[in-house]
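Each structure below is given as structure tokens.
The following pair of complexes shares a single chain, chain A, combined with chain B in the former and chain C in the latter.
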Partner chain A sequence: MIAHQDPMHILLADDDEDDRAFFSEAITELKMDNKLTLFEDGKGLMDYLLNPDIKLPHILFLDLNMPGKTGLDCLKEIRANSRFKDVSVAIYSTSSSEKDIEDTFIEGANIYIKKPNDFSMLKKVIKEVINMNWQFHTSGLNIETFFFSI
Partner chain B sequence: MKFLKLFKNSQVFKLALGVAILVVCYFGSKFFSQMQKLNSTLELIAKSNETQLELEKLLSIINSYDYSLRNYIITKDESYLQNRFLNRGIIEEGIKKLKVLTANDSLRSKDIQTLEKLINYRFKLFRETLIAAKSSNVDQLGLNSKLKRSNDYTEMMKMFVYKIINSERLKTKFENSNHQFELQDSLITAFLLIILSLLILLLSFNKTNIDVEELRQANDKLKLLNESFNSAEKTAGFGHWMVNLETDEYTFSDNLYRLMGVEPNAFEANLENSIKYFHPDDLEYVSKVHKDSLLNQQSTSIVFRFLTPNNEIKYIMGVGSFTKDGNGNLIKIGVNYDITNEYKKTLELEENNKELKYINTELESFNNIVSHDLQEPLRKIQMFISRLEEKEFDSLSQQGIDYFSKIRIAANRMQTLLIDLVDYSRTIKGDKVFVETDLNKILTDTIQDLATNIEEKNAVIQIGKLPTIKAIPFQLKQLFINLVSNSLKYTKDDVPPQISVFSNEIADEEIFEYKIANKEDFYKIVISDNGIGFKQEYSDKIFLLFKRLETDAKYAGTGLGLAICNRIVDNHKGFIKVKSSPNEGANFYVFLPKGDLI
Partner chain C sequence: MKLNYNYDGNIACRTILQDQLEKLNISYQLLDLGQIEISDDIADDSFEELQTSLNRFAIHIIDNPKAQLIQRIKDAIIEIVYDKDKFPNTTISQYLSDKLNYRYGYITNVFSEYTYTSIENFIIIQKIERAKKLIIEEKLSLTEISYELNYSSVAYLSTQFKKVTGLTPSMFKRVIDRRRKLSNTE
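Up next is the complex of A and B:
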């Protein structure tokens, strides 16, 4: 298990500049002891992750609809590599289509978050997800609990 | 009637004819033998008569000799001794004849032998008497005794001959009466023979007549059948052909010629002549299939084209199979069916299908645009609104705050509309998987989803027991969400909303009103509320797409919610009805079939 004494390291891969800004602002406003690293596409994310020198993140927020390497591609690569088995992957997408939810569930994402349309809601979601007991969540995971709702 | 039936039965008739012919043969042979017997009797009589005649002739010759001798003794005239006196030649001839005549009769033969001896002895006596008479010194006494002896002997001979003649006469008489009797017998036989022959002839003639009549009727029927078959082929666009594999003879039906675009019997039916009516591109394939089938005698089924002389292309479905005809010859029978119309329709359908698929893809991408691409900027707008509200609210004027609130309401409304549109298009999409669905669970999930809304409105929800049915779960959840949201939306201001969801028996008047064949076929689920209601006359209109009732501006709706409900229930082969009146609340009835949905 990842020790929680360290500040929690969070990654966000999202091609939308505004969404990255909202996310970053929300993290700042939450005033939690977190380290956030942002990526604007799948390639950048994977290049970072595959560097053996880095310290692995606790949670990765992954947008699905990105140019080049999509979120689903990244998810597949991550879940194919046992080195990342302890990294929790939270899908963070505008889409709430059944297909996207099912595909990412099957590929081993831990939770599916539909991007909120209200900033205070966004803060709430991030807070909940960061404070989530992942071990507990993962052991009772099914397609219904997979889709995150407040 | 029974006899006629028996008569008509050719087997019985053949048997009867056989028996009759046997009887005729019997009578014929009997008649023949009778005739033969008659003939032999006649012969016998003739022989007997001749024997009698010969015997009398012999006697008369002996007598004439006797007279001649006596005359000589009396007159001493030598001329009496001439004229072939005592010529044995004639006697010998007579005896020979008699021997031949009596050859079959041993008794009579003996008689003739005795007669011959008697005659020989008589001739001896003649000669002795003549010698005695001729001598110069006639011993008158000796001569007299000799004459006397001759006389006696002659008498004795006469007696013997008459005895034979008599016996012959008796025999003749007997044979004659026999002959008479046999003649009568033969007449009867002959008569019977004629009658019987006539009868057979008549029966045969009658039978032949009947057979010919039957044949004619059968022929008529066959003709009629053939005609109706021909016209049936014409109407149905069928044509058939046959080939006798032993003789390689082809037969084409009238309509087969028509299918090829020519008049019936326009050419001699064979493979070579029909080749030019096949579409050149199909010819090789068709003849290969046909020739292969003639070798392995497997049934065939192919689709090919005829090219008529008018350059019209006909699509033909051809099936061929093998069978044996009445003579045990192997034949192939083929039926060709004009499927041009079907083929064209299929093409058209395929075209339509392609278009439909294209439209569906379009719809899908439209759906994607609505669900993702349109929502994305809207979400941004909403996000920025929430940011501004949080950070810049204090620096806005009152009017600015009003404008701001209107922007937020408009953006939210647009979001609702987009969500409804996505929901609606999802109900149209083809991928519908029906699974056993517990409606109780669906309803619980619905109420959980709507919990915030229910709390806000202070609503009381009553839940009854619901059935488990084969359904598309997400659509049924959508149905409940829309119906319960609907009830939560159109509430009276001063009364806390009360919403009940339960299943109920179909009432008798509903069977009539909603034209339900059997009330056991459907589940009825009721969603009732105590809201503002509406006039019953709008009950059909509210389920139409984008149809909204004119209500207070605060009851904002997209006009899609109930249309989605209608669509979902329709997808499940059920129907939805509503009963309401203003201020009396509304009762929505969802009827879902109990059986399997296909």
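Up next is the complex of A and C:
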């Protein structure tokens, strides 16, 4: 559990440069104190996470479709490692089929985001996700049964 | 072999506190949820020792008065969500302001400033959190769960569950079951 005054650590792995820029901009508009680290692909993210000296993030956002290591590959690796059990994983996808959502949750994701098309919608979605994640980390709620699909 | 278990976080926390305080020879009295009365002043080094030993269990001593108030608001809400006999006959706002001795306007302002959510929303999140536990335990039907959590109908519980998680209660159960199966086969 974290204290209210601690900053929230956020990671994003997305191969699309524009999407990364939009995401960063949306994050700077949050009221909550935060620290964002960006990755261009799944391999970069996993190399970073597997370094034992880093401070673990509270939440990481994964684009599902990345060349090389996909978001799903990263998700499986992360959930196979108990060191990351308190890290919430949010999956970003263009699909909104119920089966894809269910399968992603079964693999261990906590949050499923259907990528919105416009920027103002994206900001709203990110804000809701981060706020909900904050409640889980500051109120002792169970991350293992944390699901949020938006 | 895998064992399933359930637990009462409140009892677990009290037991840990008792053990740790006794180990450090501090005389104490456990008060309401989230508060302890320490009989004598404790020396700085044993206070530090207490903090360190409690941090291991993710129990933190709160020394900021606003953070203390927020914790007391959360505890008061959790108390009524987990015990339907304690659910107030009055409004939640009346209950909280009586219990905490502050104007409700002040309580809601401090709460949303620090938690980035409203008291109303926090109550909903806590009710759904308990609903999840009860669904996983499989002892009660969804209708019984809705009664246990003071919902006027099972449809209302399902709607709120879907709003908070994005899943229906049955999809939630299916995901949990299939996750367990997946981790059992690995």
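Following the convention adopted for this analysis, the second predicted complex is superposed on the first by the 124 of 150 C-alpha atoms of A that agree within 3 Å, B and C clash if a C-alpha of one lies under 4 Å from a C-alpha of the other, contacts with A are read in each partner's own complex, and residues count from 1 in each chain.
Quick note on the criterion: a residue touches a chain if its C-beta (ideal position, glycine included) is under 8 Å from a C-beta of that chain, and two chains touch if they have at least 3 such contacts.
If you're wondering where the values come from, they're calculated on a predicted model, not measured in any experiment.
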Requested in this report: Would you sort A:Asp33 into first (chain B), second (chain C), both or neither based on which partner it touches?
Outcome: neither
Query raised in the report: Which partner does A:Ser120 contact after superposing on A: first (chain B), second (chain C), both, neither?
Result: first
Message = In the overlaid three-chain picture, which partner chain does A:Asn142 touch, first (chain B) or second (chain C), both, or neither?
response = second
- Task: Pick one for A:Glu102: touches chain B only (first), chain C only (second), both, or neither.
- Result: second
The chain contacting more residues of chain A, comparing chain B with chain C, is C
Taking the superposition on A as described, I'd like to know which of chain B and chain C A:Asp53 touches: first, second, both or neither.
neither
Overlap of the chain B and chain C interfaces on chain A comprises residues 98
Chain A partner, complex, touching residues on chain B are 371-372, 375-376, 378-380, 382-383, 386-387, 390, 415, 474
Chain A residues touching chain C in their complex are 1, 3-5, 31-32, 80, 98, 101-102, 105-108, 112, 131-132, 134-135, 138-142, 145, 147-150
Within their complex, chain C touches chain A through residues 9, 58, 60, 64, 67, 70, 74, 114-117, 122, 125-126, 129, 132-133, 136, 164-167, 171-172, 174-176, 178-179, 182, 186
Listed in rising order, the residues of chain A that touch chain B in the complex are 18, 22, 65, 94-98, 115-122
